[in-house]
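Letters A, B, C and D mark the chains in the order given here, with residues in each chain numbered from 1 onward.
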């Protein structure tokens, strides 16, 4: 029930501020005996790492993870896994401006309204740096669900979408946008760079597909797999919408268009064959055995160089242009975070299913 | 952490199947001293009640609620409030068809995959009848947050949207669609009736606005108000998408278009004045003091008379046309459920905020 | 996290007041496919039922349980099991005395201090009638752990203890005290009857043994089996102490006296043979495979006819002799409650162990 | 619900093994604005620190705490507080003996039974070193409840009890036993030293009193203050029993002996005056406003030099004398841990009470 933990039986807690000495996560409930060392986590952090292209923030962080507990001789012991990532590039600068004025679209005002004051250095706890801890925890979660393959990619930036016909999973790792469509990736270079040069920013849509999720994971009513996924995704910084399967488009279909008819599976297979997947792999909160598909809407980065009207802590009018290092399109680096949250929810539901149904 | 409870400190648990003797909810954590008798709950259940027009299922249920505990001399005592609603119109019929074959789009197959068998009478626990319990609990939640006004309405059916310029809140209660646009309501009569006569069904989008939510409710990271709302809404039967504020449309905006600039509030007001509300009243998981706005996508009812390909429990091919009584557009009666879930999440966050911040 | 729920994945919620229309429980997380109808629950309620001898309260309640949800064709479905017990003997009487004055040792004053007012009829929610719901839930829990045999009995009343050498499990059901020593049971008749006639009451110690708990159930640190048992037992009405194994006596032993040495198990058995069980079957929060043994101290019933000094709601001095129907020794009827809580904790830990360790 | 977290709204999670690089805790839900730096925590860790006398283990650990998050400019921000303590004296030694054989009374066998293998270095996660994290978290909890004064002390070692008539709180800090009776402390020197020289160990009883707890903290049924305290105390390493107020002695009293009569409070005071406190300050799970009093039984340290019969991982008979550095009476250093757990439970209940009752 705590505010900084997520999950039910596979559960992680994160801590840390953008400009504190470090950030980290404690992963609890992990099954014992899984092979785990830093090398199983680092590649996922590297994918999310800032400063790797001109399309992301120029903050330089190695995001090197250390395992402080929970493993012995290279395997998980079943006890809590503490993961630590040091902050190394907390640039020494003058924060007096953001300390006094509220950046529109940011959590500056709401933190002050809630807590009475805030750590304004780099956004403090509200910074997207927290998502490094999610990605680290997600890497552990992936070990729990070896039967599942998770693919996440950006399918739209600033309203310019990929062409599904050009989808090529191998392309995702070849461009700085996690884009599965080479042609779109090429267009986005100019698009994102233009926004950056204008001192503006762009929104994006990230899609995530989990294949291999067995029928039966998930649960009814208030433990629904799709509800947990919705919470997981809506809790990522800058997200404003979540869809499962056809999502909002399903609201425009008729019943027979939206059906996912079932046929007998292949010989010697007990699983049925579905002729469509409008449902995105979930019915009644429980996985159908089809790929779990969801989309997440990221708003454009709120930190922009274009001056905006705002107020200061005294309630007086001022204008603010957010200087500093920022992602021109926060959805790009959100992609590994979406994948991590998918893994974390699925690992939890695998263990929950096992708890109740053996 | 249980599968049939929702909320953190203001928490409710529901139980009951579509064709069992009754259904109900236990509301826990309610503050003491609030005036509560059945008359505070019944009107909300009446709004959701089936059988009131040709645009909803013809099942006849009084949905009369009884308070079995938690009140004394008309006030809440602080102890759990047990609410009971009897099922009275479980029509005696032959279930052999749905008992054997899986209705596409329903949870029939997934319940069997998870539990090994299922209560097939009217969908059992996966029936939308469960939402009566949410509405009852939501009526209690509303007593906890008298400062908040919640309005929910259908803004789109089958792709036909209301005209925002014609929005009239008073209209919502005057038509069977919870529609705030008289002209759209008029169009929808033909639209929904046509789908019903075709043996088909339609999807819908429901919008919900909560005014009066104080800045500061909500919490960062994994206790975010928007994440909890996303889980609440995505857990309602037949929902496939949730948006906060501009939602997916925000992903198509540039940073300066999506900003919510702040100005000093009126004289003698500490709250700022926002000149826009793209964020839907939430920043960093915490309420800004603006209206909290969200939209929920409902798929078309899966139960349709048009025959669909499916398989039976033995895995053999068959076709199934879902007879019985069904809503031609399940989103319509989902509207009071969306409002109830909004109330339940906000009540919980009010108490959570008080716990930590006094 | 709610105040009226207990358990982690096998979780139950209770509701109801002593003089309300009914009380009940919702059991969540129960594995599917277990044979369950009212006859599996009623015998445990009958054992706890009041009014069966002169050594218990004369309130007459059939405590007939009804299953309202969660089963289909005589088996659990995996959905929440709602159990209802009607109150039938809420004797019409004058409550003005207890409504105004606080009964010493009761929760009258503390409920008022916490909530500002209280349901004073028969103690409201603080009445031991709530334990009927625990016993009903416990009967469901027993179905989850068929490998475990639970035995609970009174081992001491008013300082008069059983003779361990005379222990006979078959005797427990033959006397009104759940006493495994026929001779002690005979002495207790006079002892309890004497206290009752004096208008006084007696304390008791209840012992509970669970055999068949596999090594490995339980968990370290904050999910310890003994910590969960301690919470379970200390939460029963009128309990003031809990011991595991040798308990407080262990604090008076030297290390070598308190050791539980291990020997190889019998041929073809992987489990070791322990030559002692000072630990009461739990080490490091995890079951050793030996019997789980605990003892619970019940204070004497606070409701006595002997007048006591107290104050009224206005803070003025008064005296109060608690009239009404009361158990002269509340520990006796606490025995089936202790056994039920043991079953509930063990069922939860079985499922938790399965979640993490498969 | 996780296995390594404790608390409901004021909640902490611990991690770390005895011989890993570090251990720590994440404290979540702390109110904002409280003055906090390392100096507010270190004195409590120093009180629990090993190696300070011949009556405790000779392991040398500075137990220097570092705050890694959750504060800004010396005050809590409301975000999670991460506390880190490095292990510095993990003596390089040969663990092959304990790696292969199970130490009787330890969790060696049960960890293997649960997880299939274990980190055997110094007991791994089952080591009492974990309690340093509790003490650190407890220091934060104390800041949340400035109205409460907590005093913990050893009242009995090896069956030799203090004389209540000689109780002097000032004495507690003057001897290495946290003993409030100078004469008993003097006797215990010889007693504990004798056991140590014999290669044996002694049990102890620790008493803890919390003064200033307002009437109304706590909650009924499954959120009882005494039940939470019981779980908190029974989860400390080596504990086997917990009593509230008179505890097991209450089971030997008659109703009129166990009563806590109430008189009007002093003029201008709304709180009543109780003429006794058999209940230990809790009735119906809710604080009465009297001192909260409990006692905890610690078994003798299981690690002793006297050889004991046991088995190895292959199930073969062997004998084992636990070499290494151990406390001859683990209850002594358990005293600050008991006080910390008291603070943690009370802080949680203060916030919970505020959540529901404002």
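As a convention for this text, a residue touches a chain if its C-beta (ideal position, glycine included) is under 8 Å from a C-beta of that chain, and two chains touch if they have at least 3 such contacts.
Values in this document were obtained by computation on a predicted structure and should not be read as measured data.
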item: Most widely separated chain from chain C, with each centre as the mean of CA atoms; value: A
item: Centre-of-Cα separation between chain C and chain A, whole angstrom; value: 46
item: Whole-Å gap separating chain A and chain B, where each centre is the average of the chain's CA atoms; value: 26
item: Distance from chain D to chain A - Cα centre to Cα centre, in angstrom; value: 39
item: Multi-chain contact sites of chain B, meaning residues that touch two or more partners; value: 1-5, 8-9, 14, 29, 32, 78-79, 114-116, 125, 220-221, 352, 356-357
item: Graph class of chain-chain contacts, one of line, ring, star, complete, other; value: complete
item: Complex contacts: residues of chain A adjacent to chain C; value: 1, 9, 29-32, 78-79, 220-221, 351-352, 354-358
item: Chain A contact footprint on chain D (complex, rising order); value: 1-5, 7-9, 11, 13-17, 20-24, 26, 28-29, 32-33, 66, 68-70, 72, 75, 77-82, 114-119, 124-125
item: Contact set on chain A toward chain B in their complex; value: 1-6, 8-9, 14, 102, 104-107, 109-111, 113-116, 125-126, 130, 156, 158-159, 195, 200-205, 215-224, 226-235, 237, 240-248, 250-265, 270, 272, 275, 278-280, 282-289, 297-304, 306, 308-311, 315-317, 331, 352-353, 356-357
